[in-house]
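Across the two complexes that follow, chain A remains constant while its partner is chain B and subsequently chain C.
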Partner chain A sequence: MRTSPSLAAVALAIAAFLVAFLVIPVATVVYTAFSDGQGGFTLAHFAAFSGISLMRESFANSLYVAGVTVGLATVIAVPLAYLTVRFQFRGAVLIQTLGVLPLVMPAFVGAAAMQMLFGRSGSVNLVLRDAFGFTLPLMEGLNGVIFVETLHYFPFILLNLSASLANIDSSMEEAAQNLGASGWRLFRKVVFPLAMPGYVAGASLVFIKVFDDLGTPLVLNVTNMLAPQAYLRVTSIGLEDPIGYVICVILVAFSVGAMGGSWWFVKRRDYALVSRGGVQAPRRTLTPWQSLLAYGWIAAMLLLVLSPHLGILLMSLSKVWSFTVLPEQLTFAHYATVFTDAKQMIWNTFLYCGLAALLDVAIGTAIAYIVLRTAIPGRQLLDHLVTVALAMPGLVLGIGYLRTFKGIDLPFGGGALTASWLIFVLAYSVRRLPYALRSCMAALTQVHPALEEAAENVGAGRWSTIRRVVVPLMMGGILAGFVTSFITAAAEISETILLTSRESLAPMSYGIYLYFQSVLGRGPGAALGVIAVSLVAVGTYLSHRLVAAGSPHQSPGGRA
Partner chain B sequence: MKPVGVDIRHIALAFGATQVLKDINLVVEPGEFFALLGPSGSGKSTLLRLIAGFNQHQRGEVLIDGRDVTGIPPWKRNVGMVFQNYALWPHMTVAQNVAFGLEERKLPRAEIRDKVRAALDLVGLAEFAARRPGQLSGGQQQRVAIARTLAIEPQVLLLDEPLSNLDAKLRVQTRQELVKLQRRLGITTIFVTHDQEEALTTCQRIAVMDQGVIQQVGTPMELFDFPVNRFVAQFVGSVNLFAGRFRREGEALRFSSPALGELALPAGVEPPPGEFDLAFRPHAVHFVQGAAPASCLALDGAVEGAEFLGEFLRYEIRVAGAIVTADIPHARGRAPVAPGTPVALAVPASELRFVSA
Partner chain C sequence: MKTLAARAVALALACLPLAAVADTVTVVTSFPKELTAAYKKAYEAKYPNDKLEILNKNTAAGIAYVREQAAGSRPEVFWASAPDAFEVLSGAKLLQKIGPGNPAIPAKVGNYPVNDPEGYYRGQALAGYGLMWNTRYLKANNLPEPREWADLVKPVYFGHLAISSPSRSGTTHLTVETILQGEGWNTGWEHLLAICANSAAITERSFGVPDGVSNGQFGIGLVIDFFGLAAKNSGMPVEFVYPSQTAIVPANIALVDGAKSSEGGKRFIEFTLSEEGQTLLLDPKISRLPVLPSIYAKAPAGYPNPFGGTIQAKVNFDSTLSESRYYVVVSLFDQMVTFRHKELAAAAKALYDAEKRLGGKKSAALDEARKLAFSPVIDEKQASDKALLALFKAKKTDADASKAKAKVEEEWAAKAKANYARAVELASGAK
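Here is the complex of A and B:
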């Protein structure tokens, strides 16, 4: 633990970056929502907001959609998590697949495919109408948003809950069995309460993501929710309209509230005793009936989860697909169209996301080192600031950038910052920084300080040690962080929609959104979607491999 | 409640291809405080978990109070278990933890309240009822775990290394309390431990286990004084063990050992037929001036080193190609024998044992 002037300078530079591109834009949004225009404080904008019935309706709808989505996602995820962790069960691989598949496809891309499959004239309803004479309003209005978001976000609960369940010492359950509890009562009274931290973390994340989502409602043409309203106010009425900022403040308040609430919840309860160390009990076996039920549930979920993937693939390959269960003619023409028309967008995605991810791992590595290895005063603040970025909706940051940097020109005649491609790199890097930082922190935590001391002991200076020992040992985590930042930035839509000032600057995600605006664009949009999904899938696979490969060789001989 | 016996007959258990318990036979008498003693991997915890119903044996039967419990799930056995890490649920208070089993048994509310109070009184923690387990010390947590188990009035009490998470001083105090509690309640208790001192000081009888097999069952003194094999001799107390062959030359009995060389055994020693090791405890070894008495085994060697343990000095003495350990009582002011000093050792015939390998 030491301080050095050069590292302190790095810490200051990072702090300045975060203040400029995270704190000030968000503060500007909040300030605008409470400002009367003459520098005074006012609640008039909030009063105006609550005076508009559409706003009240949107608020209620957003709460309703987020709440119901959390509920449905829970119903899907809880049995799956319990099955994988506690039972001897061959379907565990399938469940893990279920946990990753939805996340590789941005929700708004899936939404278009779901419309084709489950919409009023979608495949499922066409079959139902012909066979039974009725249809299901699965994609009508808010239902559609809930349906799409549930299938997209339930993995957050599944993954967090599984991790939490796996961490419960088996003796906790055995003690309950020993005292007479079994089955549902065992789950309800002991297992689920102990897994609560994981569940709450997952559920609050789902709530926030759904509450803030802009892309899915827009693609589904649902505008009576908060995020679309904010977008519409800012883009149609203008950056001066205060209602958009009021909505942003509400979004931020809910995000911070949900994250803070889940943090407080876990903190408040004493889970220090939930430690591993006892004997791992043999997993329980399923009775034939339970097996049937389990496989049935997994098969149904797999089918549902895969439907947007299949749908988007079919859309990208179909010449015409309208009022038929399946497309009638297949073609590769859409891919040809995309490769000629959208080449620039694909390139833009690589450029913006690559640079943003690079910036993220550079900053992430620096912050990890400063927090874990130095005694620079206030170093924890950097970590906390980055965590704040996790709670900031893309929409809010996007609006904040437009407002804050309006009229600021780049040096050397580069034109307005908000009209340049740099704004994408900055916006993406700030929002994806938490992912990269987590990854870098985890990697550095695994590097034993003795390895660095050994380097210094044989004569390597601070920077030389960092360059030749620390960074190489962290490389697995750094690469995983890069890939995660890259793919999540490539799938980003809220900021992207706001910040795209002209088509030549647009990345792929905007391209997909734009194509989906017209019926004729569905094919090419889907083709571009397939490309984006493939990119994200490859990236996800890579980051899993990197994390798996990166861990073993990092502790010095012997165990801690 | 009338104390019950536990009867284990021909139990065999394998996890996959690994045979963990091999033909275990054991009778625990009603009201007895019984220990399963063995190193890790000996199968002692597996046997305990089997009695609790967490492991399923492939062969044999477990009788509790004369009734075969094979196939009865853990939650219907009424066999109380205290876990090594206590397994207190952090989301419940102390009182809620203790009440859990009573609630599962659907007892009336008032009765649960009384029994929780009584169980906590028993372990002296009544005033901690509203605390969370995380707010208690290790020793207090352990007592809550015991109270939680006793509250359901189990037929048999199973203790899985209950003292291993306590510090040395508390461990001694707790084991004495445990003995008192067991005597008072008269409940049949099976105690799993890898610590011989714990087993010797608390239990009426001990089964020493190794590699899934019961090596010997007996009272603490029987095990210490008359170990049946090399493993028990080494695991219960310290021991000097030498492999070799016995040979009778007229009246005289000789022992030739690769390590110790050729030895004359004192009169009155009667080795059983077959291959056996010569064994004696370090505290049975004495330093003598001149020749050893005829009733003793005589050994000549030189001091290699000594550890001072307060009450006694533990000498390492080189005798031919072997090291003999001798515990010599310490008297105030007496200087240790310096390394290199030649010493004559005597071991009384009555302290010599012959154990199978």
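Here is the complex of A and C:
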């Protein structure tokens, strides 16, 4: 543990970056919400907010949607997690697939397809109406948002819960079984409480993501929720409208509250087991009936989870899809349209997300090294600051950027910062930094300091040790971090909608949103969606491979 | 590794979307990508030194955007349907006079001037408002094809219609104003409220209506003509009709004051009004009505022609009236319909159920219920009150005015809610 001035300078530079592009924009938003315009403190904007019935309704709706989504996601995820970890079961691969498939498809892209499949005159309801004379209001209003978000976000609970179930010492279960507990009682009284940390982490993440989501409600035409209201206030009334900032403060408060709450919940109780790992619980076998039930549940979920993928593919290939179960004529024309009209957007996505991810792994590697290998005072602060970024809704950061950097011009006549492509790189890199940092931290933890000492013993300086020994040894984790940052940024929509000032600057995610804004744009929008989804899918596969290759002792798939 | 990274950065820098080529013409528009893509392609082919930048925003967001930019960094051109938006912009001194353009374009369509009499903006295409329906949907649900706005108030259409909210869509505001001006304040609102009560959804943007009708989520929608015609001409199973109480209003284009390249902006505006620019409107995916009458000779058979009398526009749209009460009408609609749609629909449902139950028998309670459900919360006189209009036009930063405005809006909302609840009560108790 040593401190060198040059490393301290790097730490300071990173801190300055985080302050400028994370702390100040968020602080500006919070300040504006509480400011009376003359520099004084006021609660008048909050009073105005609570005086508008639409705002109260939006608040209640956002809470309702996020709460119900967590509940439904739990219902889907808990049986799946329990099945994979505790039973001798050949469907485990299927469940792992289930855990990844939804994350590949941005929720707002899937939403458009879900409308065609489950909407008022969607495929499912047309069949139901013909056969039984009734329809299900699956996509009506808030139901649609809940449905789409549940299918998109339940993997967060599944992945976290599976990981924490796998860590429970089997002796606890055996003890409970010896005392006569079995089945549901065993699960409810022993297994689930022990797996609580994983569940709470997953559930709070789902809550936040749904609470903050802007793209899905907008595509589904739902505006009486907080995030769409903030967006509408700020875009159509203007950046001066205080209500938008009040909503942002509420979003931030809930995000921080949910994350802090889940952290506190886990800390408060002692979940440590005397022995863990090593002794994996023996996997039980399923009775034929149980198997049937399990496979049935998995098949149903797989079908549901695949439906947005299938729907978007059909939309991208259909010439006319109206009031029929399946589209009638197939065409590749939408792909041709996209490749002629939206080339720039595809390129922009690669440019912004690539640069943002590059910045992320550079900063992530540096922070990991500073935190784990130096004694620079306050180094943990960098780690904590980055974690804060995880809790910041994209919408809030986007509004914060627009407000903070308004009127700031780039040097050399580059025009306004908020109207340049740089703003995307900055916004994406700040919000995706936590993912990259986790990867880099994990990678560096696995590099034994003895290797560095050995390098220094044979005469390598600190920087060349970092360059020639540390970074190459971390490469697997760094690449995985790069890919994760890249694909999550490529699928980002909240910040993107706010920050896109010109069509030529827009990345693919905005392009999809824009195409979805016109009747004849559904096809090209879906085609662009398929391209984006394929990109994210390849990236996800790569990052899993990289994690698996880079750390033979870790199981892949624990990222959330 | 290092050289690879360096090369990647160099490559990235080389391919950056460069800002200034020669003249960058930035156009703020609410028009769909099909239209902007066609104009971008044609314009850049004709003027290879210019670069056309499209900023797609809905009308309200577009106005806010132009307003918030400092002089010198504003977009060059504002291009949208709603004439009110241009009045708002020219009122805020954000437009530059360009005077009349192509002399072959007539001064008036019906009684409506094509170009702004003061010369701040020009008509670029014509638009009428009408009804669009999904033929398969109507057939599957055994619904008759509508002809007039008034047809849509019938109970058979309950849950099958769609309309957007004027606060979110300039074109819907025009539709609402057209109905209010064509049928008068009271009858207009009565019809509007009944139509909205019959709607399955009040959509967020005007495109939500044609989109939902095209893919069969809704049966019938109130739309601006090109949405219906473009979908129909592109092979969707939809039909479109102009009711007799419609207005033909120009969709406009204007040069923004304080833009970087006014010359470029002017060049683009002239291009959209030239023979070439006008012909683009006939593209099936665009399907708009040109302002240049000679273009209609090239149009396919059956293409509506406002100069040839194929559209009966009985309403002489009064844009001064429309502009003067813009905020009041928009807010009224939101308080009575957008935010209270569930309650309004419930009131209509209760009315229809009662009508069915009574089998045509007269009932005072039912009449009272209908009146409560389908009357505006303020009458025309109240709506044209100078103090009220001023209150709604006050600056957003004026804290007292916005407080007073919020209070008025809450009153409307509360009254509407109470009316709908009472209507349900009366209707379900009607004997």
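Rule of thumb we're sticking to: the second predicted complex is superposed on the first by the 545 of 560 C-alpha atoms of A that agree within 3 Å, B and C clash if a C-alpha of one lies under 4 Å from a C-alpha of the other, contacts with A are read in each partner's own complex, and residues count from 1 in each chain.
Note that a residue touches a chain if its C-beta (ideal position, glycine included) is under 8 Å from a C-beta of that chain, and two chains touch if they have at least 3 such contacts.
Note that the coordinates shown come from a computational prediction; the quantities given were computed from them, not determined experimentally.
S.K.: Evaluate whether chain B and chain C can sit on chain A together after superposition, giving fit or clash.
M.R.: Aligned through their shared chain, the two binders fit side by side on chain A.
S.K.: Considering only touches as defined above, state whether A:A375 meets chain B (first), chain C (second), both or neither.
M.R.: After superposing on A, A:A375 lies clear of both chain B and chain C.
S.K.: Which partner does A:D241 reach: the first (chain B), the second (chain C), both, or neither?
M.R.: Touch status of A:D241: second partner only.
S.K.: Examine A:V190 and indicate which partner it touches, taking first as chain B and second as chain C; both and neither are also allowed.
M.R.: A:V190 sits against chain B, while chain C stays out of touch.
S.K.: So, does A:V458 touch the first partner chain B, the second partner chain C, both, or neither?
M.R.: Once the two structures are laid over each other on A, A:V458 reaches no partner at all.
S.K.: Which partner does A:M172 contact after superposing on A: first (chain B), second (chain C), both, neither?
M.R.: In the superposition, A:M172 touches chain B alone.
S.K.: Tell me which of chain B and chain C touches more residues of chain A.
M.R.: Ranking chain B and chain C by residues of chain A touched puts C first.
S.K.: May I ask for the angle at the C-alpha centre of chain A between those of chain B and chain C, rounded to a multiple of 10 degrees?
M.R.: 160
S.K.: Contacts for A:W347 in the overlay, against chain B (first) and chain C (second): which applies, first, second, both or neither?
M.R.: In the superposition, A:W347 contacts chain C only.
S.K.: How far apart, in Å, are the nearest Cα atoms of chain B and chain C after the overlay?
M.R.: Here the least C-alpha separation of chain B and chain C stands at 47 Å.
S.K.: Do any residues of chain A touch both chain B and chain C, and if so, which are they?
M.R.: none
S.K.: Under the touch definition given earlier, write down the residues of chain C that touch chain A in their complex.
M.R.: So the residues of chain C touching chain A come out as 5, 8, 12, 15-17, 19, 26, 32-34, 36-37, 51, 53-58, 60-61, 64-65, 67-68, 70, 73, 134, 136-137, 140, 168, 200-201, 203-205, 207-208, 210-211, 214-218, 227, 230-231, 234-238, 285, 339, 396-397, 399, 402-403, 406, 410, 413.
S.K.: Under the definition above, what is the set of chain B residues touching chain A in their complex?
M.R.: 15, 45, 49, 52-55, 73-77, 79-81, 83-85, 87-91, 100-101, 104-105, 132-135, 148-149, 152
S.K.: Within their complex, state which residues of chain A touch chain B.
M.R.: Result: residues 169, 171-172, 174-182, 185-186, 189-190, 193-194, 196, 269-275, 277-279, 281-282 of chain A touch chain B.
S.K.: Which part of chain A faces chain C closely enough to touch in the complex?
M.R.: 37, 44, 48, 51-54, 57, 115-116, 119-122, 218, 221-224, 232, 235-241, 319-324, 341, 344, 347-348, 351, 354-355, 358, 407, 414-416, 419-421, 501-505, 514-515, 517-522, 524
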